[in-house]
């Protein structure tokens, strides 16, 4: 598989999960670090997130758990809460993932993650998105 | 629900996921911090990991992702790889979770997590455990 | 001790340390993750922070040190600086805890923690709180 | 070397790297934790960052990599991106350091670091600073 | 205060808290990074840990909480559990600090910290140290 | 550039920096997560570490700083201390990077990193490697 195909595959995966925020992210990188944007499409989405062996919903829940636990990845956590809902995760599953985070990474990580979950839920309601 | 019921529920959950390692953990806490052991049974397993709303397999994959990303929780990661396999996760799903970790927490976290995955797989083979 | 008693004990502890911010926190969780709020009252405050064996002032200083070192727990650090002052810690002890953080977690953690300490001190002065 | 000399040496080093932000930082500490400010001048800049054995540019690139990887040190990362440019690092070297961070600390750390790099570049352009 | 006095003050503080492990640490640095050892004596112990404004016991409990929360500082946590006991902290206070860590940094940090606490307690019993 | 070329480029970079440990790493991944090994060659070494814009020595020093600061990446830190020496960094530059780490990530990170530096230096002396 050559570079172009990896990019195409990654972009397809991004479109399936969260196209608007992905466009915004790549735009913000265009003038300062375009290759970092390219690696996100080719490697993160093209190579890894397109893999089979773990279904899309589990992949997003795992990502959300990791990002909440890291605790310093707010923009990415926000993006992946949207993605999780877009690929069919329920709100309940996302909230459960946050509660689970409290056990392994402590209450501050869970609380700060939940604050972002809440913002995303409210934003989607304002925009009339059902899931 | 009173304390005793929470302990019973937590213990039942621990038995379903990973009784031998749970016994070992509680034993090691008995003389130094027995209440910490009790909180693990009552709160972590009785309150949180017994919750519905996220199926057992997803819960374990999320835990594994978080623990690999934290990077300093080797004994707990080892325990939850066993638990994940015990509740029906496939080896492939566990490996995928590690590869996913590389994207969000970097290659060292993914590599050190994968080294523990490998040890658990080998240990289970030595002990004739199929999953 | 049953659930209700744990909640009562936790709520009592919260009232003694920081009722206004606790109310705000629980309110913000009510619509998205009320059980997470309940666990904070029952487990964090009812089970753990109500324990004897470590006096209230030491408990708060330890919490402040941990939260500053984690570096990604600003809202919680702010809350516990208030709590520390409310249970009788001096401003000097809080500042010393931040300086101590520099040794173990580096100057950025200490500096960002100190910026929050400063905001809390100023807020309390504005609100005429003496301690 | 006595205290005064260490302070002088540290202050000289700060002037060479980033005097305006250093003044702002020390000012913000003056009323709450002046000794923390003094330690930054004496120890961080006077003892460590004045050391020979690693040239000024490498020192700043290492600092930027560490601060981006820590992920919770935005004000310090911003300050050191300025410092790196002030001591002669190229924009390309700074961007490369961020891309490198993705490998070891994950894409969120690299992306959030790059967002700060971008702000600093834009600020310097607005202020007519060439490097 | 000149360098020599800072070193003397730091060494005095080290003797009061944990001389045998301090000697071992400085010895291990002698051939590779002696200046790092000197900074520990002069800055960490001479400047910071000798400060008044926070009593020795609180300082050690704060350090233990931070080190357990960081999760990747086992040798330092071990050293400071000894120091805490040497300056008069009770075993109970140390265990409470670990339990407290679970709330803010998660159960893995608390469990791995408690395993080190247990080892130190056993080692001191073997060596006939009462506290 | 297609996949094969990326792999070749990555492998060439690995050979220039640290072939024996790279082989060992890829071998250990072969049976459990061979794709993770492939991504290290293709993405980490082929895409990122082969980039121009930052010279090989600076790249290694940045990596060492990041890995020491993360604090939970001992095998990777060990590998990159070898790599740094192999591409021409001096022992002094590596030690300086560790001392620098103390400022931003705290003394425990610097001390534990220095312990690994010391082991690598001793191992190379035992094996008659001059640099």
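Think of it as A, B, C, D, E and F in the order they're written, each chain with its own count starting at 1.
Note that contacts are C-beta pairs under 8 Å (C-beta built on N, C-alpha and C of every residue); 3 or more make two chains touch, one makes a residue touch a chain.
Just so it is clear, the model here is predicted, and its values are computed rather than measured.
Shared contact partners of chain D and chain F are A, B, C, E. Residue-numbered contact pairs of A-E overlap by over half with those of C-F, the repeat interface among C-F, D-F or B-E. With rounding to the nearest 5, the Cα superposition of chain B on chain E corresponds to a rotation angle of 120 degrees. Two chain pairs are in question, A-C and A-B; the one with more C-beta pairs in contact is A-B.
Taking shared numbers over all numbers used, the chain B to chain F interface scores under half, which places it in the different class. Per-chain CA centroids place chain D at a distance of 29 Å from chain E.
Distance between chain A and chain D, defined via averaged C-alpha coordinates, is recorded as 30 Å.
Rounded to whole angstrom units, the spacing between the C-alpha centres of chain C and chain E is 24.
Across the assembly, chain D contributes residues 35, 39, 43-44, 48, 51, 67, 70-73, 76, 95, 99, 102-109 that each touch 2 or more other chains. Across the complex, chain E meets chain D through its residues 1-3, 6, 35, 39, 43, 47-48, 51.
Listing the residues of chain E that touch chain F in their complex gives 25, 28-29, 31-33, 35-36, 39-40, 44, 67, 70-73, 75-76. Partner chain E is touched in their complex by these residues of chain F: 70-72, 95, 98-99, 102, 106-112, 114-115, 117-118, 121.
Touching chain F in their complex are the following residues of chain C: 102-109. Residues 43-44, 48-49, 51, 53-54, 57-59, 61-70, 73, 76, 92-93, 95-97, 99-105 of chain F are the ones touching chain D in the complex.
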